[in-house]
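Some structures to go through are shown next.
After this come two complexes, each holding subunit A, first together with subunit B and then together with subunit C.
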Partner chain A sequence: MEDRLGMGGRWRVAILLLILTILTVPILIGYVWILISTFSQRTYGLIPVDASGQVGGLTLRNWSFLWEDPNIWKVTLNSLILAIGLTIGVVLVSSMAGYVLSRISFPGRRVFLGTTLVLHAFPSVTLLIAIFFVLRWISRIPILGRDLPIIGGFGYNTLGGVILVMLALQLPLGVWLMKGFFDHVSWDMERAALIDGCSRWRTWWQILLPQIRPGIAALAIFSFISGWNEFLIPYTYITDQQQSTIAAYLNKLLSDTAPVNYSQVAAVGLFQLIPVMLFFLFTQEYLLSIFAGGAKGGS
Partner chain B sequence: MKVKLENLTKRWGPVYAARDINLDINDGEFVAFLGPSGCGKTTTLLLIAGIYKPTAGRILFDDRVMNQVPPKNRNIGMVFQSYALYPHMTVYENLVFPMKLKRVPPAEMKARAQRVAEMLGISQLLDRRPGQLSGGQQQRVALGRALTKQPDLLLFDEPLSNLDARLRLSMRAEIKRLQMDLGVTAIYVTHDQVEAMTMADRVAVMKDGRLQAYCPPNELYDRPRTLFIAGFVGNPPMNFIEVEIVLRDGVYHAQRAGFDLPLLAERGGQAAGRGPVILGIRPEDVMIAEEGIAGEVYVVEPLGRDDLIDVRLGDVHVHVLADPNRRCKVGDRVHLRFNTQKIQLFDPKTEQSLLWT
Partner chain C sequence: MSESASTAQALEVGKARYPEEKASLRSLLSPLLFMAPAIVLVVVFFFIPVVIVLVISLTDMSTATGFNNWKWVQFDNYLRIATHPNTLPVLRNTLMYVALTLALFNVGMALVIALLTTHIPRRSGFLFRALWLLPRLTPSVVYIMMWKYVAADAPYGILNQHLLGPLGIPPTNWLPAQPWIFVILTNGFIGASFGMVIFTSAIESIPRDYMVAALVDGCSLWQRIRYLILPLLRWPLLFVTTYQTLSLLTSFEQILLLTEGQFGTEVWSLWAYQRALSNYWGNFQWGFGAALAAVLVLIGVVMALVYMRYFQFNQLVQEPKIEAL
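Moving on, here comes the complex of A and B:
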């Protein structure tokens, strides 16, 4: 009886694997195509061909932007600044707001939680024009508007402005996530810390944050990847080539008046993908803890 | 340090978690807060710790009003049911953490941690993390952490509830011993009446946020002032029988159908002529005898040293502790003799004792 159940289990796993494989193949083929085409003049299906249609024609030409276009390094750096800035902002604000929402009862707490959830569901595209005016207004603030180092400022046409907008859009998720993680830390531990002589700040920093490290790591990774990949917001609010990000750069290749070189687009796309892939490879277990829900109890 | 609670009240919206609690704790005294879950004992403890702010009333340490003092400035040590150790720190770091915050010089910090670790038998665990310890070891560390800072007041929130029965027994004695040696004032919250009775100098019984009684354990046992205390304290619990007290031929009798018990004048006299009252008697104060009130053995539960026997007297059941050598069997006809000096009488409406106020 038990053996038959085992057999049944094995069959189920096999069928599941088969279904998953079939569903994955198209995606996988896409990536394989990108990889091949970046090193080819043209492709015929997955087979690289040269200009006359013969098999072969492998080339590094598509990657030449790396050494021929100085802009690529500038936009890569900008993307990095955007991603890191966003990550710092999201983690800092979410972990503090999440703590307060989890631990302190204040008037309007429930309303606040409800509203942030609705805001999270709100499509950001509809806000683009309104945000444009806000950023324009911020631009007029001296120094803060457009004269800060590295991020440029928080106004229109600056990296800081884009970080600010993205931060606002990411926070609802981050705050809820952090609140969830804090909810899983026992009250007693916090009470013990307060009695042992901690202030609220120190309790948060020295006792509670270490308990939710997996959550913070997950949120940081998530934010970094969002910032790195974001196209719409930097594309909308940054017109200056020097301030642009890699996703916008990629878009520019597609919208040039000259015929589109898809192999080169693929190369830039792959270039953008590399850091994310590497990042994912090393941090996927943390990302999973978002879905696993909460830190493991330490007691 | 002395602790004094004056009309201490904590309200959550319309619900009173603690209501008008008045209590005095002497220096070096061990007081237990006893009550079923949800009775407000932990709330009261957290009020004393400063985690909650009272809605009304005052908390005094010696003669200082502590209501607005944050927990970190109260110099208390607390042990939690969940241990609440810091999992990202080693045992040693856990022990010295409170001292670090108080800026104790490093040399003294180390010496104190060593001393406490030795006292509690956890010296060999100092480099481990809480996750690598057993429940009993974790509880020792938690106790150590509360002691290293040399508190004026020790608070225990059901510290033994997560331990297995044997360990609980030994830790109980150990905590009591430690508290006596250190001479530190202690408050111990528990729902286990045995813990409260064995450890405490005085027991505060709470129910529904109110203080029901505050007295030494033996008084709680011998002179329960409410029906609740009588039923809550003591194991196996007290028998309650609804009776009427009548005076017949100069002797007070507790009567109901199939039940007639002559009472001592000084006890029966308090309850005569009041209509129905509740008579309470502990199982150890009822004996199976050759003569007395007749009944039938309904259930026999061997407890080892005694048999707990459920005897049916008409339509009431009375639990009796009997010698196992009697070999009572279900269905046996027996007679019960009541120790009339231990009889309790309660008003069924107010649930107050008619004997003790």
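Moving on, here comes the complex of A and C:
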């Protein structure tokens, strides 16, 4: 089917496809290995082998961590709390700010938009050292610091603190993305609501938010995956095993001084990868659009 | 409608658009409440940290001094950086890492993938772009684990077993043997997707007329790329190059997971991180680490301002079309 201008003949398409496939192989190999390895005693390259090195040795034993190590469920729960907390926070804060920035003129609007735009390009990892001090100060605030249920507070060594840091670092992207989506919503319905005496809050919540569902979905998926995947920030700011996340748990397995059992580590890795893959399968289009939009600073 | 009437109407609309002069406290309250969480977060996690980095870089604060016994040392930390024996090798590493990853993958490979996937049937193109997005979405710890296994010594490593073994090359653990190849590959396969997405949308937005004209004139694929597509990609190319330079300069997560800076792969940002927040000796030198980070913060601020200036980000900040009621 000739669906592109200047695509050329069948042979040329075949050659281009071949080149692309060769370039993409290194990406695929890792995923193939992880899949094979989790069900094998060990692997020589991509070939599953048993203890004596003979081909075979398929097993389910690598997954025994699921029922033998109670820690895995603790860290999984923590990762889940982190991902969900981050998603709610990013969507709520960005859609509130995005709405006002898109619709209302107020002093400081340009300044804030300009600032977040600069921050969008600004490499936030360079601030990790300073954020360490900020989190330590937040820890000293009574109750809010380190005595909240579920997230443990917003200070150092708590899940809430990590959520807050990640939320702030994702804010520039989120605000611009939401502003872009609000910009494309027609103003008529909102004006009708406001004239009828609807407050700004109700207008935002009941009239506008339902209009930008695709934007919210894209931002939510992206935030969830970042929260679930994140390694560096929980690893840096959480020292307590009980508060640790699945990425940090996996890294600990990998950097153990004892010889690493790659097959078992692969199983934990696949365990962390599964939710991401499911999201990925069903939402690629959203995700490609967020990367295109996010890079250009919204819309 | 007569011209004067429409002008009068436009003026009236204009007046409604800019009600700032008569903005009452009440009308300001609701935007402020909407903005409050975002403003607080930006101040607490961007502005205050920038100040903290600069201030701490002027002290000798470390786990040895604690938070009470530190003192001001003026620019000693910066002088220490200037004379430190690691400074030159780390600087060289950083430049090599950024330049090679950028040229080979973040721009080079991104362009190749964008060009290839836009010249095959749409669905296949989409599939390949989705696959290239995969490394970016994979948890970094899992992703690096895959690469470690690719490089592992015989008989486990994929490279030794399936590619180099049959070619008769003696097996080894390739990560310590060729650390830079793997540092660049791991970062490159993640980094390429950013440019790929931007270049693809730029290529697909090239007007069809140009393409038709080129085809009518009998241009070959290569001629179309060279004389039509590449010139039109000038701005996206420049944008991706500068933007990714900054990202690479400050990203160290993959290197931390892959080598922890061993085998001579220490880069500037990782050096700052390890000095201040994570090292084997447990002596965290916040002052020195902050000075190292401050250098990057400075580069980041300058680069971000350059983007604002040259990529017309200002246009995006324009006033909303309708905002007053």
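Here is the rule we use: the second predicted complex is superposed on the first by the 255 of 299 C-alpha atoms of A that agree within 3 Å, B and C clash if a C-alpha of one lies under 4 Å from a C-alpha of the other, contacts with A are read in each partner's own complex, and residues count from 1 in each chain.
Note that a contact is a pair of C-beta atoms (placed from the backbone, for glycine too) under 8 Å apart; a residue touches a chain by one contact, two chains touch by 3 or more.
Only a predicted model underlies this, so the values are computations on that prediction, with no experimental measurement involved.
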A:35 touches, of subunit B and subunit C: first, second, both or neither? neither
Per-residue contact with subunit A, leading partner among subunit C and subunit B: C
Touched partner set for A:80, first subunit B, second subunit C, both or neither: neither
Partner chain in contact with A:88 - subunit B first, subunit C second, else both or neither: neither
Partner chain in contact with A:72 - subunit B first, subunit C second, else both or neither: neither
Contacts of A:194 with subunit B and subunit C, given as first, second, both or neither: both
First (subunit B), second (subunit C), both or neither touched by A:211: first
Touching partner for A:183 - first (subunit B), second (subunit C), both, neither: second
Touching both subunit C and subunit B, counted on subunit A across the two superposed complexes: 191, 194-195, 199, 298
Residues of subunit C defined as touching subunit A within the complex: 17-20, 23, 28, 30-32, 34-35, 37-39, 41-42, 44-46, 48-53, 56, 109, 112-113, 116-122, 124, 126, 128-135, 137-143, 145-150, 152, 155-158, 160-162, 185, 189, 193-194, 197-198, 201, 208, 211-212, 214-215, 221, 224, 243, 246-247, 249-253, 256-257, 269, 272-273, 276-278, 286, 289-290, 293, 296-297, 300-301, 303-305, 307-308, 313-314, 316-317, 319-320, 322-325
Subunit B to subunit A touching residues, read off their complex: 46, 49-51, 70-72, 74, 76-78, 80-88, 97-98, 101-102, 130-131, 138, 145, 149, 157
Touch list for subunit A against partner subunit C, complex: 1, 3-8, 12-13, 16-17, 19-20, 23-24, 26-31, 33-34, 37, 42-47, 53, 92-94, 96-97, 99-107, 109-110, 112-119, 121-134, 164-165, 167-169, 171, 175-176, 183, 187, 191, 194-195, 199-201, 204, 225, 228-229, 231-232, 236, 247, 250-251, 254, 262, 265-266, 269-270, 272-273, 276, 280, 284, 287-288, 291-292, 295-298
Residue numbers on subunit A that touch subunit B, as the complex places them: 186, 188-189, 191-199, 202, 207, 210-211, 298-299
